[in-house]
Amino acid sequence: MPKVPGLVKGLGVTFGTMMKTFTEGSNTVQYPHVKETPPLRARGVIALHEGNCTSCMLCVRSCPDWCIYIEGHKEMAPPRRAGGAARKVNKLDRFDIDYALCMYCGICVDVCPFDALFWSPEYEYSEPRIADLLHDKTKLGEWMETVPEAPELEAGADKKGKK
Amino acid sequence: MNVATLLSADVPYWAQSLLRVLGGLVAVLLPAGTIVYLFLFKMMSFMQSRLGPMEAGPQGSMQLFAEVGKWLQKEDIYPARADKFIFKLAPLIVLASTFLLVVVVPFGPDALFTNFETGVFYSLAVSSVSVLGILIAGWSSANKYSLLGGLRAAGQLIAYELPMVLAVVGVVIQAGTMNLQQIVVAQNSGSMFGFSGLGNPYVITQFIGFIVFMIAVQAELTQTPFDMPIAESELVSGYMTEYSGFRFLIFFIGEFATAGVFSMIASILFLGGWAVPFSWFGWTSIDSIDNWMNVVGPLILFTKMIVVVFFIMWIRFSYPRFREDQLQKFAWKVLIPVSLANIMVTAILKVAF
Amino acid sequence: MSLLGDRQQLAYIAAQAADARVNVELETEGMTLNIGPQHPATHGTLRIIARLDGEQVLWADPSCGYMHRGYEKLTEVRSYPQVTALVNRIDWLGSFANEVPFILAAEKLMGVEAPSRAQHIRTILFELSRIANVTLFLGDLGVQLGAVTPVFFAFRDREYVLNLIEGATGGRFHPNFDRIGGLKDDLPAGFIDETRNVMKKLRGFCDQIEDLLFGNEIFQSRTRGIGVIPKDVALQYGMSGANLRASGVDWDLRRDQKLPLAYDKVDWKVITHPDGDSFARCWVRLQEVRESTRIVDQLLDTIPAGPIMAKVPKIIKVPEGEAWVSTENPLGEMGYYVVSQGDMGPFRVKIRSASFNNISITPWLLKGVYVPDIITILASLYFILGDIDR
Amino acid sequence: MSMEKQLKREVSPLSSTTDTPTETPRDDERDAEIARVCAALGSAVVDSLVKPNDDMWIRVTADAWRSAGETLKSLGYTYFGFISAIDWLPSPYGRGEDDPTAPPVERSTVIKQGYAGGDTRFQVIARLVQPFTTLGINIKVDVDDSLMAVDSWSQVFAGANWHERETHEMFGIGFNGHPDLRNMYLPTDFEGHPLRKDFPLLARMVKPWPGIVDVEPLPGDDSEEEGDAS
């Protein structure tokens, strides 16, 4: 069989793709109407579980971009059990993440010792002005609802090793 | 009412002129719009596994109007060191050459702007006018990319004018006329080896001429693989680099309208033009053709044009581009000898039979 | 090969002579063309100042720095985990591959080694990022040469790979998944099957690109014999990766270097090409994508069970010392020379990025070529601005 | 804490081949190679070091820098890796995490040299590799503080050209015989040499570290003490 010239083959490829798009549909989705679901682990936005945060500053100090701001004060809380001593608790006044600076590395989520920070796959939070990307703790708390369960692991994973 | 009567002396001169201007606008803008939507927006997207514009109108069909609206709103910018008069003139010259070209295209037995005896000669001549526009656009932009683009365009269009003319010569020899209308008639009233069911479209007898002509058209239209004057990845946009807004729109329309008109000329020269083979309806000459062909004829021509443009665009979206020197070599060392040989063979056969 | 090299040399001499002659006879001068920093063909912000005689280049001088981010300085104020997030951004198309040599250098200094499951997964992700990177190269190559369609094919099929990387690491472009001593997390369920499907699709993509682009006679006439780099010149300039292998040097750090990665456990071969021209460089990359899909397929079969993290202290301090680790990244040899003085962060990191060396050959290579060949040569050398400027 | 002590103990004394701990594995290939290199270079070698199964370092005298490159090239080290420099001065700014309101922190200015030793603040380091064996060697040379220049390698290895330009602008080290020491990255009128340790990193100076706030250590967890640089 004689060799098909490359010029003809190339035309075949584009024509084939055109017919495929006609019959099987395109590979793109019409974004505002159809939305693709990001994977469970997708690093979309950082959500804050305020109750767990003790304002220990670990996330602030390990952030490479210095984009987390925490202010807290200490409060005396009533004792857990009747008759116990009053406890000192750190109360969170401010927890801001500047998403204009954040580079989504996830170090803050990793270092948090009390499971107060989570990744959510939510991604639709662009703002027309850069200053509006500084989100406070209420906004970060709202994203808690979108945090998914961690995915199942692949076979052979050492499940004990997880914290 | 016969179109011929419309264009005859009964109708006042201003009405005739208005009709011709309107007809010219339709003949230029309608193909351009169709080509842009059908091929640039949709076919290219489908070849790339995507859908193209979908938001404006059903299936994005109003996208072009949105684009035109966008271009018209844009600020009229020109470079500080540009030669402003020439800079503004250039897109008009390019578009004007398209309008000049459409003048000789016959759309039906009587639906034509002018029945020019040397239509072939005229059309090939005015098609080179656009080179002038491109050259001065490149020169007056005061931009080195534009200058390179303009010079490339000049070199390229001159190189490809010749094979195009030589390719058409075969048709002219076979038809024995330079009148485009008569070339259409000659193709559809002719017969191949006594079989007249298909007429005698010259794409079969003049196949080499057709291929050379289409390659030359591809180069003349500066479509990939001959788009060095624009060469987006090398010269940014070549001679169009400094144009924006309305002036760019004119270049843009000019590009696709010229593609349409050239495809019409190709269908007239090689594919039988507006007509169907005369034997289908028992016509014998152009005078015996039914009047409805003045309406159906343009549609037939339009369909043939779309088919021809499909091939032009298909190649455009599939191939990489040549280098300037390779293109020149290809024109002078391959196309011109081939088309000369084609002329010789045609002439010998013409004399022989 | 030598013949082509001679031809280039002759073209250069002819250009010089033509320039001199024209200058003397017609008193014309050449034209200086400024390509970039914002130009469709410069993949970002590389600037090339070219002196032209007509369409022929007399000399060309690349000028970088429009995207210099000072990573070597930034690493000095960051701790080791923070540097990993930073170096993601060097070659942003194959980010995971940037993390690996740095982490390996830190591990070498600390004397720890990742468990074998982690090494396997590292290798898989390393190859996936190579596929994602080179896939885009193959598409972009088309655009540089004027073909619009391949790039959309490339984006289409790279998307599958990015989805895999995102599914496993959480980041499409910047995974930041590697940790000293192992990985951040294990693979999610379903990753293996999904990856197998995607690898099949990518082999289809390679066939498509081969038909659409590499088999095309116009493409071949544009790339063959253009920008020939002989073997010894390539070594002198420190070219690496596919650029070096396209010059006939059979050298691949994945095979020739002993690193704690899983390359020795699979059957694959190093692709070389004797020509050293632009076509060879592109062709080698295309074949390497195929080879990478094979590597991934084999690795998927043999992932060992076990932990993914070695025992390392929670607060990482790296003992004093110096270490050099380089790996075969999508763009070529990427190495980190890490100097530690026992702190939380490195004392000095020299980032030896592949594109910097690869592109430093351009003043030599661009002499005597035509303007369109500048684009061909730059495209075939394949640089990423972040990888030049760091 | 115990882990850290252990690590500190394990750090081997730097420089000088004789001090390597006896229990480390031997690497005959690299030992033979470094002997071959030292013999070829002769008195140019000031110091050398082999880390078994890892890498080789040599330090040459400044006078012999260029000839060392040529000799190594003739010994088979034809693949050019990189040229750069190291500023051994500890950074006077730390990690930029100081409290601007507090009195300035006193930091040590004692220079700790790296492998194969050194006498000066700046050292130029280059890496060459033998193709096909991937045996690499790191070559260091001291840069005299008053001269601030060494010979250029650009005639020996063509690829050194750009690396030397980069080193020149980043460290202010000159390269004698280099054809064209223009700035590679920085604007022509840029003042200062960014990779010198005493060049402040402005990004860390323009705003105070958000982690300066005092917090009490968490009960039962003293780890964040180490995260506090001040």
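Assorted remarks:
Each chain gets a letter, A, B, C and D, in the order it is written, and its residues are counted from 1.
Keep in mind that, in the parts below, a contact is a pair of C-beta atoms (placed from the backbone, for glycine too) under 8 Å apart; a residue touches a chain by one contact, two chains touch by 3 or more.
The chain list, named the UniProt way, goes like this: C = Unannotated protein.
Quick caveat, the model's predicted, so the values are computed rather than measured.
Chains that touch both subunit B and subunit D: A, C. Set side by side, B-C and A-C show the greater C-beta contact count at A-C. With centres set at the average Cα position, the gap from subunit B to subunit C is 44 Å. Centre-to-centre spacing of subunit A and subunit C amounts to 29 Å, using the average Cα coordinate of each chain.
Distance between chain centres (mean CA atoms), subunit A to subunit B: 54 Å. In this assembly, the C-alpha centroid of subunit A lies 38 Å from the C-alpha centroid of subunit D. In subunit A, the residues touching two or more other chains are 7, 10, 13-14, 17, 27, 62. Among the residues of subunit C, those touching two or more other chains are numbered 78, 149, 153, 156, 212-213, 216, 218-219.
Touching two or more other chains at once are residues 47-50, 317-319 of subunit B. All chain pairs that touch, listed by label, are A-B, A-C, A-D, B-C, C-D.
Taken in their complex, subunit A has these residues touching subunit D: 54-58, 60-63, 66, 68-72, 74, 90, 113.
Contact residues of subunit D toward subunit A in the complex are 207, 209-211, 213, 215-216, 218, 221, 224, 227-228. Subunit B contributes residues 43, 45-51, 54, 314-315, 317-319 to its touches with subunit A in the complex. Those residues of subunit A lying in contact with subunit C across their complex are 5-7, 9-10, 12-14, 17, 27, 38-43, 62, 64, 103-107, 110, 119, 151-158, 161. On subunit A, the positions that touch subunit B within their shared complex are 7, 10-11, 13-15, 17-18, 20-22, 26-28, 30.
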